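In the two assemblies presented below, chain A is common to both, partnered first by chain B and then by chain C.
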Partner chain A sequence: MLYGRLVLARVRSQLQYRLSFALDTVAMFLVSFLDFLAVLLIFHATPRLGAFSVEEVAFLYATSGLSFAIAELVVGHLDGFPQLIRDGSFDVLLVRPRGTLFQVVSIDFQLRRLGLAVQAFVVLGWAISRLDIPWDAGRVAALPLMVACGAAIFCGVWVLTISVVFWAVEGREAANAFTYGGRQLTQYPIDVYGRWLRRLLAYVIPMAFVSYFPALYVLDKPDPLGLPHWLRYAAPVAAVGICVASALMWRFAVRHYRSAGG
Partner chain B sequence: MRLDWEIAKRGYRRYAAYPAATWAGVFTNVVFGFLRGYVLLAVFDHRDVVGGYDAADTITYVWLGQGLIATVYIWGWFDFALRIRTGDVATDLVRPVHPVRYGLAFDLGRALYHAVFRGIPPFLLGALVYDLTYPAELWRWLAFVVSVALAVAVSFGFRFLYNAAAFWTVDYRGPAMIAMIVANLLSGFIVPLAFFPDWLKAIANATPFPSMVQTPIDVFVGQADATALLVQLFWCVVLLAACRAVFAAGARKVVVQGG
Partner chain C sequence: MIEVEKLSKRFVVREGRFRRRRRTVDAVSEISFGVERGELLGYLGPNGAGKSTTVKMLTGILVPSSGRVRVAGLEPSRQRIQLARRIGAMFGQRVQLWWDLPLADSFELLRHIYRVPADRYRESLDRFREVLDLDPFLQTPVRQLSLGQRIRGELTAAMLHGPELLFLDEPTIGLDVVAKQRVRDFLVELNRERGVTILLTTHDLGDIERLCSRLLVIDHGRLIWDGGIDDLKERYGEERTLVVDLEEPSPPLEVEGARVERVDGPRQWLRFRGSAAELTARVAEHARLVDLQVAEPDIEEIVRRIYSGR
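Now for the complex of A and B:
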């Protein structure tokens, strides 16, 4: 598959500077624990956040972190996409015999970002070892599935919101509110947020399906918000929905694209 | 002084040229303000005061912090690293103005633009939605403004240093990313220093990072007095001196191809 070959080529080129790569990855892994330390600091001041304990929030933090790390690895470089519009190099992609989204996504693959995934994995291990999860076949299967669905949701949101730059090339930073904002939102239980913010970012932009609803299922926890029970199984539907929406949005945006260059 | 002023004006104009980028940034800072605010406020369901901060101080901290993001510009500044990478630094070497002086003046001009157009709007919105803590005395407002200016200078010194890593490494983004994660936590940007246990607070206070975010906010909400500005001034001098030393070391090492 072409994507696999392109990714391997990027990875090989990054491994050319082996020492620099190793130092970066290890340092990133260590330093990223400072990010989790922020969560612990909040629990230093309070025993519970909403209806959640520190282990439960760590579970949310870790699953959302894994999803986000995967999404960032695959599409994170879309943040640099406005440059392709600005300098006109996007036009080159239009004449090539492959989809534009495919070409833009396969431009880069920063293996170094795996450092963040490993950190999330360690936090997940810590959370699971301290939580009393009623493991059964469904829950064992749900864990990888929720991470995959979460990654798909983040990817979809990334593509959807970055499409804004086809109309307003300087508007890229607004996408951060949904991508990095989504990461921020999903590492805490959504019952702490105000109702309007929850509606916008958790249900319309389906961030609540990244960690909150699936985690309620895995942790076998009643929903403090009292929402319908079936929502905790709905993450795959949300993931497919947002990915279809983002693909349509991208097509629509590209069709309306007018090159700035001549 | 006249020269610095002219350079600062250019820094201001460069960022003023992209109003759409400014509004997109304000939008993002506001969304994050709500996200961060709700989480920190949830702490006060269980208690009234954390390390001297009550709920109003904390929400003030959040919205001031959101306004300081662009003003102090801790993240995503690679201007100098890119100059090293492309070889443009060679022209910096022949200029009659030292790059640290030029960069600082330019950055203070930039910061003024960002303070007005990206600092004040999110804070005003926060002030409309929440009951915030305001300085009781006039001198505190003035001290806050001076403290923000010092925070920008300290932050510039810090950014210049991690950018200068490009003199020695192929990939300047790795060191920059690490520097930013450390700064995020120790500056008190993610969680206020008031929430830290004493040992971590001591570590943070031994670094220049709180001078970039926490100090101006503490001055504003009345948790720090004017002597805090002296600490900022100290770090400002130390970091800018370090910048000059590192630049001198890097300039001896740099080899620019082509001519």
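Now for the complex of A and C:
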């Protein structure tokens, strides 16, 4: 498969610099633990955050972190995409018989981003071991599914927002607010946020479906906000919706590509 | 192979920092031309004249504002992927090879991107290795290649999938004389032996003169010349020069229809219009000729005249 070959080629060239690769990965892994430390610090001051205990928040943190890590591994190179637009290298991708989005995301696979996934796994293991989850077939299946849907939602939001760059090359910062910002937001239960932010996350950019709603199902918790019960099963719908929207947006945006002078 | 009818591309430019004014720029306006299979034609124009914009519309990179364009029977921007399989493109400044991979690995990835069958790939790669002498640097990472080596790699990359139509943007820019000649020879061979249609965008008039039989000239987004190079010379080239070597030094010849521009011992330079044969006959009446030669106006001069003669 072509994707595998492209990824392998990138990995091979990254492994040419073994030491730098190892340092990068370890650094990423350690720094991400500092990030989790910040979560624990909050619970040092308060026993509960909204209606959630420290283990429950850790569960949210880990599932959203895992989703984000997968998304970043797959489409993270979109961060470098504005440069392709600015210097016109996107031209080269357009004269190849493959989808442009596929080419952009496969151009630079960064293996070191795995460090983030490893950290999320460790935190998830800790949370699950301390939580009393009523495991049944549905919940066992729901855990990987919610991570996959969450990853798809992050990917969708990433593609959707980076498309702005076709019109304004400097639009990357705005896009980052949604992707990296969304990651921060999904690490905590949405009941700690104000009402307008909650609505935004639940209904507009479907970040609440990354961890909050499906976690209510896995943890078998009533929604402290009293939102409709079916929302906890709706993550796949949200994921498909945002992915379709982002694919359409990308297609529309490519037709407005202006290329660079020369 | 290519049909273009009243093709235009307008860009909206926003100006001013606070009060943004919109201004439209016609990068290409209402150009029409056709290209037959097997042609090798040059596309010439000063910077910003609309050359690249035209090529980008032909390859499906840019969506035209208006007009019709068909390449290999396809509409480039809508059928981009089908078209990409049948055309090759090399943009001088843009690298299509993987920067930190050996050249051979880049080719291998391109083989999979284009889904070229292994045996056909082997066959064309072997040929390019021979013709472009790639072997000495096939295993070198692209970032370590010299410009000439990289261009040869890029040409191979553009041709590996066996396209019928090749777009080249400044293929010889920055190359030394030897490398330039090698690339030119290669293009002629592709065109003659394999029947590849080639559209060459260039500033290098040497490329045009040695390679192309037909020339398109664009300026300010409009096509101002479409025809043979000889016709162009006839139309815009003012006078030719007849250089004669006489048996012995003589004062400037007085011949009807020509004037002497320079005298150097027995050699004289006569500027004239019309037939060289008639002039030679008239010169022979006045003096005994040892040798003669007709100098054509040089294309660089002609192009300068076209650009400034608007």
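Definition applied: the second predicted complex is superposed on the first by the 259 of 262 C-alpha atoms of A that agree within 3 Å, B and C clash if a C-alpha of one lies under 4 Å from a C-alpha of the other, contacts with A are read in each partner's own complex, and residues count from 1 in each chain.
Just so we're on the same page, contacts are C-beta pairs under 8 Å (C-beta built on N, C-alpha and C of every residue); 3 or more make two chains touch, one makes a residue touch a chain.
Computed from a prediction, not measured in an experiment: that's the story for all the values here.
When the two structures are overlaid on chain A, which partner does A:Gln184 contact: first (chain B), second (chain C), both, or neither?
Only chain B is touched by A:Gln184; chain C is not.
When the two structures are overlaid on chain A, which partner does A:Leu248 contact: first (chain B), second (chain C), both, or neither?
neither
Of the two partner chains, chain B (first) and chain C (second), which one does A:Val26 touch, if any: first, second, both, or neither?
neither
Does chain A have more residues touched by chain B or by chain C?
Counting contacted residues of chain A, the larger count belongs to B.
Tell me the contact category for A:Leu2 with respect to chain B and chain C: first, second, both or neither.
second
Check whether A:Ala141 is in contact with chain B, with chain C, with both or with neither, and answer first, second, both or neither.
Once the two structures are laid over each other on A, A:Ala141 reaches no partner at all.
Looking at A:Gly50 after the superposition, I want to know if it touches chain B, chain C, both of them or none. Which is it: first, second, both, neither?
So A:Gly50 only meets chain B here.
Between chain B (first) and chain C (second), which does A:Leu15 come into contact with in this model arrangement: first, second, both, or neither?
Neither chain B nor chain C is touched by A:Leu15.
Which positions of chain B touch chain A when the two form their complex?
18, 20-21, 23-25, 27-28, 31-32, 34-36, 38-43, 45-47, 50-51, 169-171, 174, 177-178, 181-182, 184-185, 190-191, 195-197, 200
Please give the residue numbers of chain A that touch chain C in the complex, ascending.
Residues of chain A touching chain C: 2, 5-6, 9, 13, 16, 88-89, 91-92, 94-99, 255-259, 261-262.
Would you pull the chain A residues touching chain B in the complex into a rising list?
Of all residues in chain A, those touching chain B are 17, 20, 23-24, 27-28, 31-32, 34-35, 37-38, 41-42, 44-50, 112, 168, 170-174, 176-177, 181, 184-185, 188, 192-194, 197, 201.
Looking at the complex, which residues from chain C come into contact with chain A?
Against chain A, the touching part of chain C is residues 11, 48, 52-53, 56, 59-63, 77, 80-82, 84-85, 87, 89, 91, 93-96, 98, 100-101, 105, 108-109, 112-115.
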